[in-house]
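In what follows, chain A forms one complex with chain B and a second complex with chain C.
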Partner chain A sequence: MSEAAPALRSGWRGAVIPVGAVVLAQLLALASPQQSDILAAPLDIFLAGAGGLFDGTIVAATGQTLIAALAGLAIGVGVGLIFGILLGLSGVLDRLMTFSIETVRPVPSAALIPVSLLVFGFGFRMEIAIVAFSTIWPVLILSRAAVAGIEHRLLEVSRVLGFGLVERVWKIIIPAALPRIFVAFRLATGIALIVAVTVEVTANPLGLGHGMMAAQQSLNPALMLALLVWLGLIGWALNAVLLWAQRTLFGPAAIAEARP
Partner chain B sequence: MIALRNVTLRLGGRTIVEEITLEVGKAEFVCIVGPSGCGKTTLLRLIAGLIPPSAGRVDYQGRPVTGPRPEIAVVFQDYSKALLPWRDASGNIALALEALRVPKRERQPRIDRLLSLIGLSNDAHKFPVQLSGGMQQRLQIARCLAQDPVVLLMDEPFGALDALTRQVLQDEIQGIVTASGATVVFVTHDLEEAIYLGDRVICVRPHPGRIVEAIEVELPRPRNQLTTRESPAFLQLRRRLFDFIAESER
Partner chain C sequence: MMALRATGWFLASLVVGAGLVVLWHYVVSAGFVSPVFLPPPGRAWTALVNGFTRGALAEQLLATIGRMIYGWLLASLVGVALGTLIGTSRAAIVYLGPTLEMIRPLPASAIIPVAIAFLGLTEQMAIAVIAFGALWPMLLATVHGFAAVEPQLYELSRALGLKRWEVILKIGLPSAMPDILAGMRVGLTIALILAIVAEMLASRPGLGHSVLLAARSFRSPDLYAGVILLGIVGYVSAAALAAFETRLLRWRVPH
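Now for the complex of A and B:
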């Protein structure tokens, strides 16, 4: 059934291990009070996080990371979807493009950081470009498979009814492939966040990733770890929102189908 | 109305149908029978303009058929695959009206009329998976009727239904066709169905598919599931067709 169900069913028991670990870490920190450049007590992490949230620095950084991730995602999904649908519809185009796609696709997105930096300089544009590049592929490949797998009879029905290409795509192909395309979108959203933070950690002076690097370099492990926890929460929340959307849009069948 | 002249279709070195010549008159109900794999469905697809012939010509009202056209509707056998699973009954009928660019406010009355014609008025908001096989096929027929077709091409439309539902639908389609004056080409492998519905039964023999006989059915209309099927004329035709099929399978 739903992916959230096991976590809900386990109820409070699911919290035993994480809460226990946090309490244990706090007790250990109290037992051996020494200054560390690597570790921080859970309470210090919490205070650093709360402080960052209240003075607005974490909020601003979150905004930057999300803007870059979502803008890149929008471009990547748009481009991936257009090409995925076209290649799924046209065998000729698919055979023409497959070699090119399979040679460009495996390029690690982190390897594009220097290139993108040279082209765009620091800032949103270079980060958005890299996020877009890395989200195109899962969307393209999954939507191509979704479109190629559409019931052939439906396409024939649309031919008999005399629909043109645009109407065929809009009225038949997209709705028929939508449950699977949404799975691609969920996958791409996760990738977008990962790549955005990677770019910020390695190069771009923006967002939560850069915040973590700055905290680390100023020997502030409490803030660094607070940002790490915060990123985890954001990723979890994004996935939860998308899962909820998927369930309300397509019902349980779509989620079952999404499982390999 | 429809004229096929020396139509041949070859696919991948195989001849599917060969030298087919057939004329279908206005408001005529023509049934095509033959063993499976004899090219009956291919004939229908050629008339529909879904595939072009390799040789010969297919004419519709004196002009060559170059592709599907709105006044020629096709009812497919696999109704569950031909309906849009994400649209309810009304929505599926609306698809044909959208294709014809019927203005939005004119659509609902036409949908309601078609739903009541096929007896699905109370199921307008049910999705195809919630309907029985017979109802799904009715819905597909309604979608075709929404096109106001001059020609109705039916590819074994009742082949997957149980015997009782099939008889009910045979009578319904008979009534609908008589009322609308549409021309029908009806493919089936059920010989009795062909005699019961048709004005003419075309017999196709396989490898490659070719027309070997055309039998005029001069049974009075409206036909009745009991009296027509019991009449000597019906039984005689049935005998003739069964002999023919047995012979062609030898």
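Now for the complex of A and C:
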């Protein structure tokens, strides 16, 4: 939403409040050193996180969350892209599918947790299915708009050259719509991580989401908060890498152009 | 003529949708999918009707909608107020901006364990989680909306000698409104998802809890009835907000 955020340079001033808060929390913890089931001092959180990273438990949980999120993302992006391109190319098909798409799309991803649980049981497959369902829609909608917005002369050229459908999609449509498709991919990646963690927190005994719930239930606030910070870092890093890729691959034009 | 054509296309897409339901029926009755996983559409429909006439579906529906709207309104109030304070102050953007951007990609559901630690499996926990999760898109959209106001408008307000609250009310808020409404739309989707998740975890009465119970006891018609109902809630709430948005933004020049 705010890719074009105000170009105010924060520099060191952006770090004042988070660093100040951490220092203050540590000082408060030192001033009243009692055990808590809810909160932990920043130093303890750091130690719990470092411990989990060294003994491999956090690494393993991160792997599980990322595998589920990325596998679901791959399926969702694939399906969304196929339908998005088809519907973007054919106005008739698009209008015919409007009602069906608009009735299935608003089903909240969380409502599918019990459905997926019933079909797949606990494990990777149920989580992947829900992530896939949730990531289909942004990709479908944005790639449909991207393909429908392609310069008509390009499509005429492909007709003159006698391209078949596959050639037309591969040589004309995907390259022309790629910047906007990448934006859809970036949004879908964020959604994939959110949905994966939601499924883990709610039901699935896997990954970082479940790790947080287990830490909470065993009254280990330091580990719970360490996992929270770690999840924030992963989300931030994923987004930063994709933003960087978008900027280097497609330039600033892609960001300005991609408003749906 | 145009309207007639649009209606025609809508009817055609309705027929396609009905065709898919018929396909669903035949896929199940031909035994391609076990009815334990996917009930025939007729039985899901019966479960939906029975749930309203004899069961507690209406109460659960109202409980879920109430929770969603309450948390969302709370988030809207706090989000827009805080966003206005931050967005109209250069110092606040400079000092707080990077922190807000750091927290933005954090999955909202990750704060559920923290909320449970503080509040237990209670109604307050559910509301807090919904409100906190829905807060971020609105807060960030409001900050962005105020920060993106035409600088000339601020110069004009200075020339007119307007006070700060006048600038916010007369210039900032109207031009930030499209951003704020976009944030509120995202917030509403998140509020519904978190309402369902919180009900499942804390066993609060509501649709989220009832679909989970239906799945656990292999009552697939009840499960799909609940899922269909939740889809309708998502659709209607988004459509209502979109209608409100077009009314509120009617003054804008279309471009």
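Before moving on, here are some points about what is shown:
In this section, the second predicted complex is superposed on the first by the 248 of 260 C-alpha atoms of A that agree within 3 Å, B and C clash if a C-alpha of one lies under 4 Å from a C-alpha of the other, contacts with A are read in each partner's own complex, and residues count from 1 in each chain.
Criterion: a contact is a pair of C-beta atoms (placed from the backbone, for glycine too) under 8 Å apart; a residue touches a chain by one contact, two chains touch by 3 or more.
The structure displayed is predicted, hence computed values, not measured ones.
By the touch criterion defined above, A:Ala110 lies against chain C but remains apart from chain B after alignment on the C-alpha atoms of chain A. In the superposition on chain A, contact is made by A:Gly14 with chain C only, not with chain B. Contacts of A:Val197 after superposition: chain C is touched, whereas chain B is not reached. Looking at the superposition, the partner that touches the larger set of chain A residues, chain B or chain C, turns out to be C. In the overlay built on the shared chain, the residue A:Val157 is in contact with chain B alone; chain C does not reach it. When the shared chain is aligned, no partner comes close enough to touch A:Gly149: not chain B, not chain C. Listing the residues of chain C that touch chain A in their complex gives 9-10, 12-14, 16-17, 20, 36-37, 90, 93-99, 101-103, 105-114, 116-118, 137, 140-141, 143-144, 147-148, 179, 182-183, 189, 192-194, 196-197, 200-201, 207-208, 211-212, 214-216, 218, 220, 223-224, 226-227, 230-232, 234-235, 238. Contact residues of chain A toward chain B in the complex are 151, 153-154, 156-157, 159-163, 167, 171-172, 175-176, 178. For chain B in complex with chain A, the touching residues are 48, 50, 67-70, 72-74, 76, 78, 81-82, 84, 86, 95-96, 98-99, 147. Across the complex, chain C is touched by residues 1-2, 4-6, 8-10, 13-18, 37-38, 95-100, 102-104, 106-115, 117-119, 190, 193-194, 197-198, 201-203, 208-209, 212-213, 215-216, 221, 224-225, 227-228, 231-232, 235-236, 238-239 of chain A.
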